[in-house]
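Going by the order they are written in, the chains are A, B, C, D, E and F; count residues from 1 in each one.
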Amino acid sequence: MFRKLLSFLEEDIPFQDVTTDVLIPEKVVVRAHVIAKQSCVIACIDDIVYFLERLGLHAKKFVRDGDEVEKGTVLLEVVGPARVVLGVERMILNMLMHCSGIATEVRKLVKLVEKVNNKVRIAATRKTLPGLRYFEKKAVLAGGGDAHRYSLSDAILIKDNHIKIVGSVREALEIIKNKASFVHKVEVEASTIEEAIKAADIGVDIIMLDNMKPEEVAKVLEELRRRGLREKVLIEVSGGITPENILEYAKLDVDIISCGYITISSRASDMSLEVVEVIKK
Amino acid sequence: MFRKLLSFLEEDIPFQDVTTDVLIPEKVVVRAHVIAKQSCVIACIDDIVYFLERLGLHAKKFVRDGDEVEKGTVLLEVVGPARVVLGVERMILNMLMHCSGIATEVRKLVKLVEKVNNKVRIAATRKTLPGLRYFEKKAVLAGGGDAHRYSLSDAILIKDNHIKIVGSVREALEIIKNKASFVHKVEVEASTIEEAIKAADIGVDIIMLDNMKPEEVAKVLEELRRRGLREKVLIEVSGGITPENILEYAKLDVDIISCGYITISSRASDMSLEVVEVIKK
Amino acid sequence: MFRKLLSFLEEDIPFQDVTTDVLIPEKVVVRAHVIAKQSCVIACIDDIVYFLERLGLHAKKFVRDGDEVEKGTVLLEVVGPARVVLGVERMILNMLMHCSGIATEVRKLVKLVEKVNNKVRIAATRKTLPGLRYFEKKAVLAGGGDAHRYSLSDAILIKDNHIKIVGSVREALEIIKNKASFVHKVEVEASTIEEAIKAADIGVDIIMLDNMKPEEVAKVLEELRRRGLREKVLIEVSGGITPENILEYAKLDVDIISCGYITISSRASDMSLEVVEVIKK
Amino acid sequence: MFRKLLSFLEEDIPFQDVTTDVLIPEKVVVRAHVIAKQSCVIACIDDIVYFLERLGLHAKKFVRDGDEVEKGTVLLEVVGPARVVLGVERMILNMLMHCSGIATEVRKLVKLVEKVNNKVRIAATRKTLPGLRYFEKKAVLAGGGDAHRYSLSDAILIKDNHIKIVGSVREALEIIKNKASFVHKVEVEASTIEEAIKAADIGVDIIMLDNMKPEEVAKVLEELRRRGLREKVLIEVSGGITPENILEYAKLDVDIISCGYITISSRASDMSLEVVEVIKK
Amino acid sequence: MFRKLLSFLEEDIPFQDVTTDVLIPEKVVVRAHVIAKQSCVIACIDDIVYFLERLGLHAKKFVRDGDEVEKGTVLLEVVGPARVVLGVERMILNMLMHCSGIATEVRKLVKLVEKVNNKVRIAATRKTLPGLRYFEKKAVLAGGGDAHRYSLSDAILIKDNHIKIVGSVREALEIIKNKASFVHKVEVEASTIEEAIKAADIGVDIIMLDNMKPEEVAKVLEELRRRGLREKVLIEVSGGITPENILEYAKLDVDIISCGYITISSRASDMSLEVVEVIKK
Amino acid sequence: MFRKLLSFLEEDIPFQDVTTDVLIPEKVVVRAHVIAKQSCVIACIDDIVYFLERLGLHAKKFVRDGDEVEKGTVLLEVVGPARVVLGVERMILNMLMHCSGIATEVRKLVKLVEKVNNKVRIAATRKTLPGLRYFEKKAVLAGGGDAHRYSLSDAILIKDNHIKIVGSVREALEIIKNKASFVHKVEVEASTIEEAIKAADIGVDIIMLDNMKPEEVAKVLEELRRRGLREKVLIEVSGGITPENILEYAKLDVDIISCGYITISSRASDMSLEVVEVIKK
């Protein structure tokens, strides 16, 4: 991902840095700290350390992905030419703040649900910001969540638009059974109780109950249990789930709760980079 | 930006689409709508239309950047091979939802402040998500905000780390006066009233009052007025400004209020893509 | 994949085409045919047609991916400036010949095994030529095979080196059960009968019997059946399987036979491009 | 070529390595060997060593390009984080196996022909796999062959399609004589004895006898000798030449024998990467 | 800019270096000097040193950007494998010669004008060679000039074509005042005295007097002074200014003289790379 | 080369065009002309037309590569959205002006020498501006010159640094004769009469007399004639040749005169883009 981080840096400095290159001579060397300005869960710090070192800076991390840190914690020390340090400042902060914000939110949900259900998993979706999926999925893992699909190439998920085109869940599943690769699990999005039962009957690996209210989910689970199908599928609930209503879902016997907002509407964790010493002037 | 959008698409489909390529024959053609699932301000729709057409789809927009739309509005119609339409679905939604979310938040702030101050501008910062700055700044414009600096190459902004290295605001400004390009405005970040006054005295174009409370900002403004310097500089306030406290700043005679959260902690506007007709099967 | 094909073209013409640009005026327009010089199964022809059209040529295919064609069949007609047609000639032939060669070999294996076992699948591996995996996997599908994993990001496969580092199959599977994503199937490579049984016992989705002789495979299958585990896992055999010995494996009750040679040691299907008419001189 | 190898690696790990990242902690360091599993001629090992070191691994080669090695030979030792070593395993093996397979086949042909003709050269063609030409041509050199043209930009070769458009060999050669660069040799593809003689008469540097039987080639050579032209041109034979029929051509007084199959239909040399020590756990 | 320099290197060696790779064994190590073959002002040497080191060579500079050097000065010492040194020779010379040529010309102009006007600045334009703007602007700075706009994204410059479309300078400036960002200065191109005065009246930051004769420029200046507007705007003259006529402009009270020829018609400073020692053979 | 031109455009507009996007509404459509502001020889116009059309503009050329045009000639008409036309203006002008400047200079030299020697060719060198070699070599062809080597991969040229490392011209040629590819001509740089004679004796294709005075060149030619070697090699003179001294070389019986300055120190031909009609407002 070095090339991607480099292109992010070039986005912020397409030509010279017109302030720093004028103000600060090339030879000035500084020590700087990246500091958490609010408590958060850290994510993607290794990618940043690797990137800084490839740029020729000395970088030392004091925390690891998944660590919960307090406000004021020094996360990272960087030593090198002031021009380079100030040049990467904003980009690495933007990245760390964004990824740690995601990890922090995921951790919050994980802790919330584990009080009522110690088996359920919090999962991300493909609602990620363009170009940042690798980092955002890694942040979800750092927070204790499940990455879910990385892309359209890595698991089968039959969605409403597929069913609309093919005709029915049954037809879609028949095609998939015959033609899909044996390496992929098969997941189906069900928007009604009937679709969910039908899918379990035919034998899919995962059923996603999309935009169902908790009481509808409960009905699906009960019906599956009644038919002896509950143990044969994983049940994922998705659609409009937030910290406010998540416990209503978590209390039920579901396997996965997936939330798009943790990546597409994430709040950054505030951090800053502070020059703490001018080593050479 | 076609290449960037293409790389975003490739992120979502590094190889085949293992669901769609199995389920839906190549020849199937569909008509699909992109629909707003909540009211919002639209942004970056032209980039998406251009991209869809370059991919060989027919795309028609029903709204323009900056339009406020209601829940349920059809934003875009796409006609083309089902495989291609379903392949781009998630990427274009992620992009439109993210950018429109930013535009929506900016519009909200613009409307909020214009009730108390019809001159003040809402501006973005360089706290943007890596790789998305072009789109995010465009979204800020669509919302009615000011893009502020695009990168380190396009305006001079002397920040606290610069001053720490150089020694003082005065020294920094002297260097800048002598060596910076005549095409760039000069902005200085001031964290104390003294620094602000000194900067105005020396003659900068813009002073950013960083992380000051409204009452401190008021003192700076008063002191500038007292010295006859107020009309000679633009005053920008920045740091921790949210919808909750923005009016306290807007009520003062400031020129620009800049907020990092509108880009780095934006909430997506919900949208969906729905296949509305199978034209050819 | 347009960008990839474009880079392949630039590999063949880094600067001018020093023969054609001298010999043939810009305005000359030709009609040319791509012709099969031996019977084969076609693959990746859509990617080529799309690419030729994006270059501004008129391209019309007469066959589809997966079709078996005889020697002499016209596969594709191209009309456009002679300079462009001759410029892309070698690249598109190299691509079509390579991919069709793979599809042809896969089809041969599929037909071979279906005489003795109508359930077993022929699968590819990650032994693909660098940069060509998308095309090669597509060729495997065109031949009637299974693509298997596209990359290290899309399914879990615990290999001998993993086990060597972790300590044992049991330990590896325990970690995986706790920490891997629910969307991925779990496959384990077993090189002894004991490892295979242990893996089935713990409950994996797929067991790959690596480099086992047919009689060893038979023993594993018998033992699994005896323990009532056979229906609970898919059995893949791999390692040194060729057209010569494949029937010995296919005769057994295995689910998947995977072969690396079909992609990493493929034989191209011979084709040529012939100018059939000079339309404008 | 670092960027190309990096893109090959990214093809195999578009996101996380979902097996290794779960199973093996970041801090584990291993020593691993790349081992030949069959005798072969090595190619492109320097590119791989350079690439591994740029990734931060310690890599040490025990053989050089062009070396013939026995089954079981340790070719390369790699020391570094297990996650990185296992991440690059498949890509470097695919590359080394492919290139060494080409070098091995070329060496076989070189040895075959040198028994009957110590002047004739084995040459490759432009029938290379898209994106891999640099590596494949290097493998041909490692095997003792001649790389022939690298691209359409580096030598003049008038082929049948050119002649079809221009009208005749004579006309084509006249244009070339007037307009081509002085730095390039001129080669003509001749499919009849007459064309070959005419080309020699006009004065080209190389004549490629395309798809001629050995007895036809003999006639061309005799006629050229009779006219005192033999010493003035290089004679290349091409088209359908395999290990089975190559000696029939090599016995004749030809200068170059070129074979497309050595690159486009190459067989990989089998190799494996084995972790031989867990240095840090 | 490492990636850009790497692509420049690949332009010169798309495949092997067919001379050096044959002539010189891989193990040969040399020391080489880059020597000025005429007096010049150095530019972009740091980018070259950084690039050489990233390629694994030892590079040591003896001069700095902006230094004036005599013919015969050793600028740079490079130690490393002969193959690599000879491979980069031409590319680094082309870059250093081009950039130093620009810096040399700018320095000449700077010295020329400072005899008659110690305030006026020499500025570049956007007439730069495609792909080289970063380097060329840096060379202008090294010579003592002003970089002017880096791109269309970093300052507002209303040109004749804008005015032709919008209708008048007045209308254009009204739109700009309302809608442009506060961070950008506003510059207007004026081709008549009237336009210039009008622009100053409305209040722009910079007026570019385009293609005006010295006497016309003098009239504008006089009229501005008469109206008390002179101190409120920066005056830039541009269009057809060369070393021959520059003093006529410099003698006037203008602030900036911009010249396109210094980048788009630059003369390279002659340099050569000489192998001075074969360290290891 | 579309991707390269696109990256050149992105260099000039990394984000929005802050002037045009504010001033001119999206819907405005214009007709614009590219006009020669001095007489020149046109080069690379087809690449520009192709690029403009790929961007969705209508582009029509009125001249062809190699045409000599007078001041005031309309070269190209472009019709399309004003924003796009003004966005590409500078980049296409920079490219056309640079390439036409090269073609114009080459044509001047060609005409100069053909008065005294109707066989000698004007050739370029590898002293080209990084990233622009394809375009610059094409411009040389448009001017009537010879492109010479495109890169280090396409012909053998033994230079002084090679000889310094290998030991002598004789040794270098022996290695080349044994190991270089048969497709490449062999050229040697000779800096003394002795080296030139020795090279001709051994039998190279081309001898480059580097930095020799006309009288030294004459001696070499005479000596070659005396020994009956003149007809067996091409003689290229190079090094410090300018319009001022070129006739002294051209008068001699040399085959090629190569000049680095025509590409590395070229003077742009002045052109402008003028909006001639606002079609839609």
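Some observations on this one:
Criterion: a residue touches a chain if its C-beta (ideal position, glycine included) is under 8 Å from a C-beta of that chain, and two chains touch if they have at least 3 such contacts.
In this text the structure is predicted, and so the values were computed from the model without any measurement.
At the far end from chain E, in terms of centres built from Cα atoms, lies C.
The chain with its Cα centroid farthest from the Cα centroid of chain A is F. Matching residue numbers shows that B-F is the pair in B-E, E-F or B-F whose interface repeats A-D, with more than half of the contact pairs in common. Residue numbering at the chain B/chain F interface overlaps only partly, since under half of the positions present are found in both copies. Rounded to a whole number, the gap between the C-alpha centres of chain A and chain E is 44 angstrom.
Once the centre of each chain is set as its mean CA position, chain A and chain B turn out to be 22 Å apart. A straight line joining the Cα centres of chain A and chain C is 32 Å long.
In chain E, the residues touching two or more other chains are 3, 11, 14-16, 133, 147, 150-151, 153-155, 181, 184. By the touch rule above, chain E contacts chain D in their complex via residues 3, 6, 14-16, 26.
Those residues of chain D lying in contact with chain C across their complex are 4-5, 7-8, 11-20, 22-24, 28, 30, 32, 82, 86-87, 89-91, 93-95, 97-98, 101, 126-133, 151-159, 161-162, 164-166, 172, 175-176, 179-181, 184, 261, 264-268, 273-275, 278. Listed in rising order, the residues of chain C touching chain B in the complex are 2-3, 46, 133-134, 137-138, 141, 147, 150-151. Across the complex, chain B is touched by residues 121, 123, 146-151, 153-155, 181-185, 187, 206, 234, 255-256 of chain E.
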